[in-house]
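Next, two complexes with chain A in common: one pairs it with chain B, the other with chain C.
Showing the complex of A and B:
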């Protein structure tokens, strides 16, 4: 059974441990600005929403890539960027309608969530279980995917 | 089922792969007339920068991929399409039959009627062959004139600067990338380029190119200026490759007119990518977009329909992302706005920061930005989802940088509800 990140914004306290863990895992530094998961803060309502790539089936980024630099990790299902192949053209960053693959000026490549090879550090670091790594068919995850998908009419026809 | 694809660019390759998935037993062949394996023009700037060699521009691993997918790749020019007999004739005289045909022949660079563009120092920047010529002539210390500051012109600036040439750009429009960015954004690109030591002449055209001493040419400008150059690059737009369809009776305009299934006026012939004039998401009109994301979306939609498994699509969104010597800009949809629509912008010229949002009622219909690389894709999400923004419209009017917040708030369950 493949697993997925499940995010429950209701449990998020905005502590940013996930951003620290992600940044440390991928860059070796505690620098939230280089994290692939981002906690959005809604001050008016006192709410927080951690947000990152859902590894969507449409794989807009992968399909738009002109040089085959994004592929599916067979064990996790994550869409993974190959630094060797990425030329930094940024087409994927406009093709992804969720805004979750981004260009990193420091490396000249794009970066995105890779599920840490099957042990996502954001989930490990989250003290309140707002981020968990669970079986992909769990209904909450389906709901999250559905809410993302319903927002994109063109996804339906190109999902094949 | 025999699927034949003419054109080995991104639209053709994605179509072939999608067909293989949808129709495992079909015969699938891609016919392309360039001597290299299927490659991406999008990667050429990075080849010129020397970040990648030629193989880094290949769309797929040419040795293993197509064979593994059982997709035949034929390197030949197609001379004739016969929709009655349902076959095509190749340059070597052989014919190939098809049940479904995909026209993915792309486009070719066009040049304005300027005398002297046939001189050997003048090159377009479109194919790998062009790139090799540019790399050969763009030597450190040499003078280079680039005609056209459109998308292609701008995206190769960095490579030319890194090669150490003395560079001057001539653009007939009143700003850089006039078909992708507005006055403010185009203005930012211009001052950025000048800061990098690039000469920029806007509202200016080239009147002639003439042979001069040595291997140099003289470039005469409409503002009275005269430039000496070792290399002149023309980047003045592209036009769909339609010649092949002459005499077939297939309806064309600027491109092959296709419906929402990417099907032409002949039910067995489809078109995708730069050559296709398909439905635009924003306007509902048939338009040629000539951009990478549309090529791949077209290829996929066409293939699904060729395999009888597709549906009508919603139209493709026009969008671009451009790196001009390190300054990243992008635009989406109706970035120039609509009559009676509201707009929001943040402009900080000193920091080269700009974001502009265009609304129609409660929904976002267009956007552009300069100097922003984080979460820009969500602009596509906001536009294509036609989300009714509600309260978030006013929040975006007050602070247009909150695009990701707006998207999350409007699409995700935030808890505590």
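Showing the complex of A and C:
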């Protein structure tokens, strides 16, 4: 079964546990500036939104890469950058419509979410389940159920 | 490790910024943040110096856990001598600035001297410079934050700055970071402005690593997060209701002071409570509370993000206040509300916005207005002084008007900028100032909750609930239930809470974790991250050492046991009605025992033996 990161911004409190978990997994340091997931704060609206790569099937970044440095991890479906091959040309960062693959000055390579090999640490660290890792076919399941609940006739109506 | 082992020393008189190694010998004794910075302050300034003169220093300090994944590990503290109290000041703030400072590679910044012209400090990792801030002087906190983000084109920049009240010399001005988190108490913002330092803007990309034992640390952190999630207060109450969960609780047990502590119990409490903040309002169907919010690394997320009703008189013609921003916490709601007799939630939220926008402490401010209101009702202050404002208890329009006067530094504003002690002295009624060592009480009546009387009287920064929050035990029953009306056992309780708090405030963690965490949850996280003995015993001893060191600073500044007192109202005027009717503070019984347990003399001086025992 393929799984996807599922993000529910309504549950996010902006604590950045996900950014720290991501950077710790990939760099061994707590360093939000090197996290592949970012939490955006919309101050005047009082809203927070975690955002990262959605692992497109037809990945623009992968198609654009001139040196085939981005490949598919067969076990997770993640598009993974090979540091050995990446030449830091940044064409993928132009190709990605979502801005979720980025150049890192510290390494001279591009970086993106790799789903931590199937155990995404952002989801594990999120204290409010704003980020979960679930069946890729059913990322809409909770919202669908909530809508279904609204469509129920009231108990009184059905009792008769 | 987890300390970066680097201090940034900024001499504002010379305009120099230098890096120096952290004194690791002190770090192993005082941990970081509150403890370690207070040690530096004690060693580097004359406790008798003028708090607003160039000889005072201002230290922004992180703890060793700041910037790590430990829950709530985003705190920093500001340490200096306080202009409000003359005692040592240490104000703690959350948000994101503390962690950013750590990511830039600095454990603390020591500001010394005074700049000739307004400046701000820009920290980008190792690149550090003082820049001209003449264009920022006279701007609010919110404007300053926006301008610095525009100037540096860096959305990740974190800013701490002072607003106009600090520039105008208001004695309880705060340093506000991330627009609505504040090192709020004791006038640390006033000290910052006195040095012509407008802002500190920080961007760090180095991260925090090199933990002493990373694997053990992550296991301890995970266990700690689990404990917070399962605890009713930190897992449910605080995220859902914030600290405002207390408004109805404290009112219900008979410990909510009202109208300058003339009364206990506020009939309007429900209207300004957490429950009221969640109620949809008539005009637009939205509640006051937009969402809860977490500070850096915090898995509790008690922060309130609120809006004011756009049709409310206070903001009707002011669209700049129509967006969401930092909402009411319990202490602010009490001081701005119950203490002034005002139960208009929108007005209080608006005034709270102003406290953030221009950087002043809502506790001291609300309590100062309350003292002014009492003097107004007694005819000591008249409309002549207030500029025609009927400053009576419960007058919402008057409250909003004097707040705007404070921010504009006009009319009655400069009087209110003095704080209640100087205001009441000015008008010949010093006994009406509800303060200890010149700092105003927060939201727990010490006649109702006996431990809080001793807490206030002995707090090293003047009246404060965050030095030993015995409410946790006396009202909430955490970690053990004690009776709030009892004086017996409270000296021991207060000492234990003070020592634990001093240690938590020195680690980079938030004190709210201690609703769920004991030292056996905290010590393993510190011990795994840091070099040195941070066992439970080691942590408790460090906490006690820090408490005594602060006390010795205050003694050297001229304070004695006579300053460990409460206003006569709380010792003599019994609570008039409600569940705590008839009670007064029994401080006289508790204080001598407290001194004895502390190993102090009868007049509250730290003895030579105690100093030796704690390696002071």
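Methods note: the second predicted complex is superposed on the first by the 139 of 160 C-alpha atoms of A that agree within 3 Å, B and C clash if a C-alpha of one lies under 4 Å from a C-alpha of the other, contacts with A are read in each partner's own complex, and residues count from 1 in each chain.
Note that a contact is a pair of C-beta atoms (placed from the backbone, for glycine too) under 8 Å apart; a residue touches a chain by one contact, two chains touch by 3 or more.
Just so we're clear, the structure is a prediction, and the values are computed from it rather than from any experiment.
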First, second, both or neither for A:136, with chain B first and chain C second: neither
Touched partner set for A:128, first chain B, second chain C, both or neither: second
Contacts of A:47 with chain B and chain C, given as first, second, both or neither: both
Partner chain(s) touched by A:29 [first = chain B, second = chain C, both, neither]: second
Contact breadth on chain A, by residue count: chain C or chain B: B
First (chain B), second (chain C), both or neither touched by A:16: second
Partner chain in contact with A:63 - chain B first, chain C second, else both or neither: first
Residues on chain A lying within both footprints (that of chain B and that of chain C): 45-47
Residues of chain B defined as touching chain A within the complex: 10, 14, 18, 21-22, 40-43, 45-46, 51-52, 56-61, 281, 292-293, 296-297, 300-301, 304, 309-316, 319-321, 323, 326, 328, 330, 332, 373-381, 384-387, 403-405, 407-416
Residues on chain A engaged by chain C in the complex (per definition of touch): 13-17, 20-21, 23-24, 27-34, 43-48, 106, 125, 127-128
Complex interface listing, chain A residues touching chain B: 8-12, 38, 40, 42, 45-47, 49, 51, 60, 63-64, 66-68, 85, 87-105, 108, 143-144, 147-148, 151-154, 156-158, 160
Footprint of chain A on chain C - complex, ascending: 67-69, 71, 96, 99, 103, 156, 179, 204-209, 214, 218, 225, 229, 239, 290-299, 301, 303, 305-307, 323-325
